[in-house]
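In what follows, chain A forms one complex with chain B and a second complex with chain C.
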Partner chain A sequence: MNDTPELQPYVDAYEKLSPQRLKEPDWFRVMRDEAMRSFLDKGFPKRGDEAWRYTDLSAVTGARFIVEPMTSRFVSGGVRFLKPSLKANFLFFINGQFQPHISGIPAGVRVIPLPEAGNDEGFRRAITRLFTDEMDSLQSLNFGLGMDGVFIDVPDGAAPDCPFYVIHWSDAHGALCQPKILLAAGTDARVALVEDFRGAEGKMYFSNTFTGATLAKGAAVQYYKIQSESRASCHTAAMKALQEEGSDLLSVSLAIGGKIARHTLSVKFGGAGAAARVLGLSLGADRQVLDHVTGIDHASPGCKSDQLFKSILAGAARGVFTGKVLVRRGAQKTDAHQSSKNLLLSETAKADARPQLEILADDVKCAHGAAVGQLEEDPVFYLRSRGIGEKEARRILAAGFANEVTDAIPLESLRELAGVRTDEKLGEMEAEA
Partner chain B sequence: MLEINDLHVSIDGKEILKGIDLTVNAGEVHAIMGPNGSGKSTLTRVLAGHPSCRVTGGSVTYEGKDLLAMSIEDRARAGVFLAFQYPIDIPGVNNTYFLRSALNEVRRSRGLEELDAVDFLTVLREKMKIVEMNESFLARPVNEGFSGGEKKRNEILQMAVLEPKLAVLDETDSGLDIDALRVVAGGVNRMRSPERAILLVTHYQRLLDYITPDRVHVLMEGKVVLSGEKELALHLEEKGYAWVKEP
Partner chain C sequence: MTDAGSFLDKEYPYGFVTPVDADAAPRGLNEDIIRFISKKKDEPEFMLRWRLKAFAGWKKMKEPAWASLKYPPIDYQDIIYYSAPRSKKDGPKSLEDVDREILETYKKLGIPLEEQKRLAGVAVDAVFDSVSVATTFKEKLKEYGVIFCPFSEAVRAHPELIEKYLGSVVPVTDNYFAALNSAVFSDGSFCYIPKGVRCPMELSTYFRINAAEIGQFERTLIVADDDACVSYLEGCTAPIRDKNQLHAAVVELVAHDRASIKYSTVQNWYAGDREGRGGIYNFVTKRGLCRGQRSRISWTQVETGSAITWKYPGCILKGDDSVGEFYSVAVVNNHQQADTGTRMIHLGKGTKSTIISKGISARFGKATYRGLVKMLPNAVNARNYTQCDSLLIGDRCGANTFPYIEVENRSSRVEHEATTSRIDEDQLFYCRQRGMSADNAVSMIVNGFCKEVFKNLPMEFAVEASRLLGVTLEGSVG
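Entry: the complex of A and B
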């Protein structure tokens, strides 16, 4: 065991939680123990860790976070003002705690808060499949100490008519927010899940979240994430999708807020003919570090993955993309495409792209590319020659660069929302260009 | 409207325009012809303010003002329009949004109210008839995936929307099939008016079968070597540019 004093508060917190843990079923307790052991074993990522080469978490690991539930300055009904005006089933979390009384749960779909989900067979099946020893220490921390979350169970053939929209609001200084969102999409089910992370500006808290989706045969899941956390906060999120035969995933991640933020997406194709289209956009200003990590495991033949990750960086911001593609032996007719495009608006901004391809099958189509550059002058001239001022021309071109990601969102209301959030951030970044 | 006096322009340290003199009045259409490399495109670019063009001598006066002292966007707002030989792709930027942004910038500078999305669309639909353009172009990113002919039509559409006082067309006819050429020329002809001047830069005479110029100038090695009436273009077509050089 890693015997460092910085981990002691987590050991203590785990002890404190034991009355709650004891209420959980045996299999869950065993899983928690295992996760906690793994976290304490590995400790927080360190600077020397290759996987964290560009993203320094020392601000987090050095800080003391409060593991117990923290109250919000809002009476919980107040967070309703965070609701965007679109049709959705809204689920609210405040400082990592689920707020069932203000959340909307449609008929025909089971949405179970985590403490009660322990006895649910569907939940057990989903979480035990998602819990693997490939997890990094932060995911282990979430599984060990994170007590709250929801399980969304979409039965075979079901297609809820609007997305599940999870609003994560954090405003408690020093809070450790570790929600878990689990989505089980049954055979041929169609469902969209949105996670919208917001935070009170200036508050230093740590969101360490886990989202898991299991896609049964022929299921189609859309997953959207808009990360607009407080700029003093740290955000590390893991999204994991297990895809069975012929299932289809669309995942779009927008990284806008946070001081340090990483979104890790792993997809595993466990059945033939599945497809995943995975996109990300990081909009970095000031000294933000925005990091996307993907891992696509082509464990079955005839699957298709298509990744596009972009960043627009101003000030002294840093964008990082690490894209792993593993094509296992026997995963013939794999089609894997990966592209990373980065736009630097200032001299001091920086982008790093690390494609990591491991191909063990021979009949495959794999391509990857990465580009880092500044706005080209010809388009700027073209726009200016039509009467558009230089600043505005650059803003339009940067927005156009971002649109390639947000345009992939088929839900119009959500595409518009993503556009608004993107434009807001680009407006701020303009000052630092 | 436009007066160019002894204009010298260098690109990358190489002198391309070596003393151009040209006067264009409102209501006139002038054609500038010349072989490849004679400086035709450079002339259009320096008028629009392309940063690669370094003016080393001479002057350009537009409506009594020093055009060369104006920023790129201020020239456009004052009514100068360049139809590009090679229009630029703008990925991710919707054509309608682009056109409305441009028109509203120009309107604002003229003290006119900005048009909202609905009013703009009414204007745009009217203008699209001029270039026989399909509505599907409006939702597409600017010039991206457009064929050569579609790009040129899009340039003329922009011209029709922005209603410039001085329109400069850089080889708008190049790469067009005969149908597209007819449409583009028709668009230009509809823009002719007593308040507007048009400068047509072209390598070939064929555009002038559709648009009759008031004056034709021959540009060679960075200088206007010959000016004349529209018949000059026919003469050039018949005898080639080498004929100009003969004493």
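Entry: the complex of A and C
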């Protein structure tokens, strides 16, 4: 056991939660205990940890967070203003707590709040598959202490006509928000899930979220994440997808807000012929640290993965990308591609890239590429020669660089929304270039 | 097609043992052993202090575990740290004094030490276990002011140079194996090229481990003063033994203004047998410092031997507009493991580096490329291009690519590309259809895959490397 005093509040919080934990079924309690033990064993990631080489979490480890649910300054209906104007089934979370009374649930799909999901067989199956000992200590913390969340069960062959749009709003100073979103997509089901993280500016809170998706045979899942947390907050999110035969995943992550933000995406191919297309965009300004981590586990033959991660960095921001492709023994006919492209707009911005290939099968096509640089002068000149001002020219080019990621979103309304958020941030970054 | 077993018949041709009397230190490592080595070498006081400092540092360090290598723990007290062929009192004065057996050894290895029979233009320093036994062409080099001699001789004859440069690129506590080497290194080569001199011939060191249960810890230091230019070759072999032997070397290169150093290695230590028994554990620290402006350091390595290779030749590009290069071919067959790559640290303005790495894995072999490219804030307009390709032969081998890219200024550009694939069936078929044997076809395709690296080797080395590659991979395609 890790005997650091910084972990004591978490031990205490776990004790305090025991009445709630006692209401949960046995298997769930065992899972929590295991997760909590694992978290206390490992403690928070330290600077020396190879996986955290570039991202310093000491702001989180040094701070005291409040584990109990915290109220918002809004009466919960008030957060409806956060709703973007697009057609979706909106699910609201405030400071990590699910707000079922204002959330919309369509027919034909089960959306169960986590505290009530314990006895649901589908939930048990999904969460036990997603809970593995490969999790890092932050994911363990989420499994140990995170009480709220939703389980979305999309039955075989179902295709809800609009996406599930989860709005996470945080505005309580010192809150520890640990929601879990679990999505089970049945055979040949088609579903889109959006997670939109927003926060009250200036509030220092810690979002440590877990999103899990199980894709049965032939299922197609689109996952979009727009992270616009408060610039004083820390955000660490894990997204994990388990894919069966012939399933298809599209995942797009936009990192815009947060002081320190890391999005960890892991995909495991558990059946042949599955495919995953994974994209990410980090827009860093000021002293932000935006970190994308991916791990694609080709555990089955004939699967295809394609990754594109970009960052645009201004001010003294730092963009980090660590991407691992693991091709296990026997995973023949694997096609894996990975690319990391980084654009530095200022003298003090930093970019770190670690694209990694670990290959144990021979009949494979695997490639990765990484590039770091600044805007080319020729295109700037080209635009200027057509009467466009220097600043505007650079903004157009940076937006063009970013669009390669947002253009991958097939839902038009969402693509537009992503474009608006991207442009807003690029406008801010312009001042720091 | 030939069956994979035919590789078995290809014995490691350098696996013989030379029966020479050896003068060895007792097994184990402590301060007394270090004093013993230092005394044997008749070293000045500063060297002993330096060694003891390294030893003190080493004791506090932990063996690194981050590499993708699996091997049983090494018992550092079960190694003989010094072994020298017993020779006449003051060591060989000339080639005639060198033990016949040793001369024969080098002849068998294809490294003729007898100058008159030498192919034109390569001066050789031959290191046998812990000591340098012969250096050729010393006189001719002297005319140009080039110092090329065994390290132990340099410590006595040129202490001022040694004191100035030793450990200036690889500090004593740089890493676990470098610290160990600094404490116990026994010999190696020292080379100094004075201002404005282009070294008239290729310099070469040939390392041979002969005695059982010793570790070889050699140290090479090459200094090229302003406008100097040198090309240096390194080769190595060892006898076939069931027990693993440790080799922990340190190579330091220093290039002053406009100087250029080209360092080529063909590493062919004994790799262990088909089942992975025996073989050399090769833990090497190699680093070059481009100290002056427009200086250039180029590493070329062909790694075909050793049971385990842990080696990251790198360049610190400190001088403005300096250039670092790394060309590598690593071949692993049977149960060999190689974790190798480079580090390019860009400090100066306009510095450039190129990395071309080719990994080939066959049977149960595991090859890892691990590299770091770092652009510091002052490295304005710095540039790096990296290409790492892996070729897999057989479905039980593995290839990893772990590059680290760290950029801290916007005007620098870094590009990295990597691919992993197997030998294309169509290419193989094409060659076979034209009457080539499977082995020849593989050899030809692999040689093509490695061409960019081989073309950077000096001619004779390139021929040897390409032949070695063919032999190593023979029968790996069944």
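The definition used in the following text is that the second predicted complex is superposed on the first by the 433 of 433 C-alpha atoms of A that agree within 3 Å, B and C clash if a C-alpha of one lies under 4 Å from a C-alpha of the other, contacts with A are read in each partner's own complex, and residues count from 1 in each chain.
By definition in this document, a residue touches a chain if its C-beta (ideal position, glycine included) is under 8 Å from a C-beta of that chain, and two chains touch if they have at least 3 such contacts.
No experiment lies behind these values; they were computed from the predicted model shown.
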Quiz item: After superposition on the shared chain, which partner residues are touched by A:Q332: those of chain B (first), chain C (second), both, or neither?
Solution: second
Practice problem: May I ask you to decide whether A:F401 touches chain B, chain C, both, or neither, giving the answer as first, second, both or neither? | Solution: first
Exercise. Mind working out whether A:P355 is in touch with chain B, chain C, both or neither, as first, second, both or neither?
Key: second
Quiz item: Looking at the overlay, does A:E390 come into contact with chain B only (first), chain C only (second), both, or neither?
Solution: first
Quiz item: Touching A:E121, do we find chain B (first), chain C (second), both, or neither?
Solution: neither
Self-check item: Touched partner set for A:D161, first chain B, second chain C, both or neither
Solution: neither
Quiz item: chain B or chain C: which reaches more residues on chain A?
Solution: C
Quiz item: So which bits of chain A does chain B touch that chain C touches too?
Solution: none
Quiz prompt | Contact set on chain B toward chain A in their complex | solution = 48-51, 71-73, 75-77, 81-82, 84, 87-93, 98, 101-103, 105-106, 109, 141, 158, 162
Quiz item: Which part of chain A faces chain B closely enough to touch in the complex?
Solution: 377-379, 381-390, 392-393, 396-397, 399-404, 407
Exercise. Name, in rising order, each residue of chain A that touches chain C in their complex.
Key: 50, 54, 329-330, 332, 342, 344-374
Quiz item: So in the complex, which bits of chain C are touching chain A?
Solution: 66, 375, 377, 390, 392-422
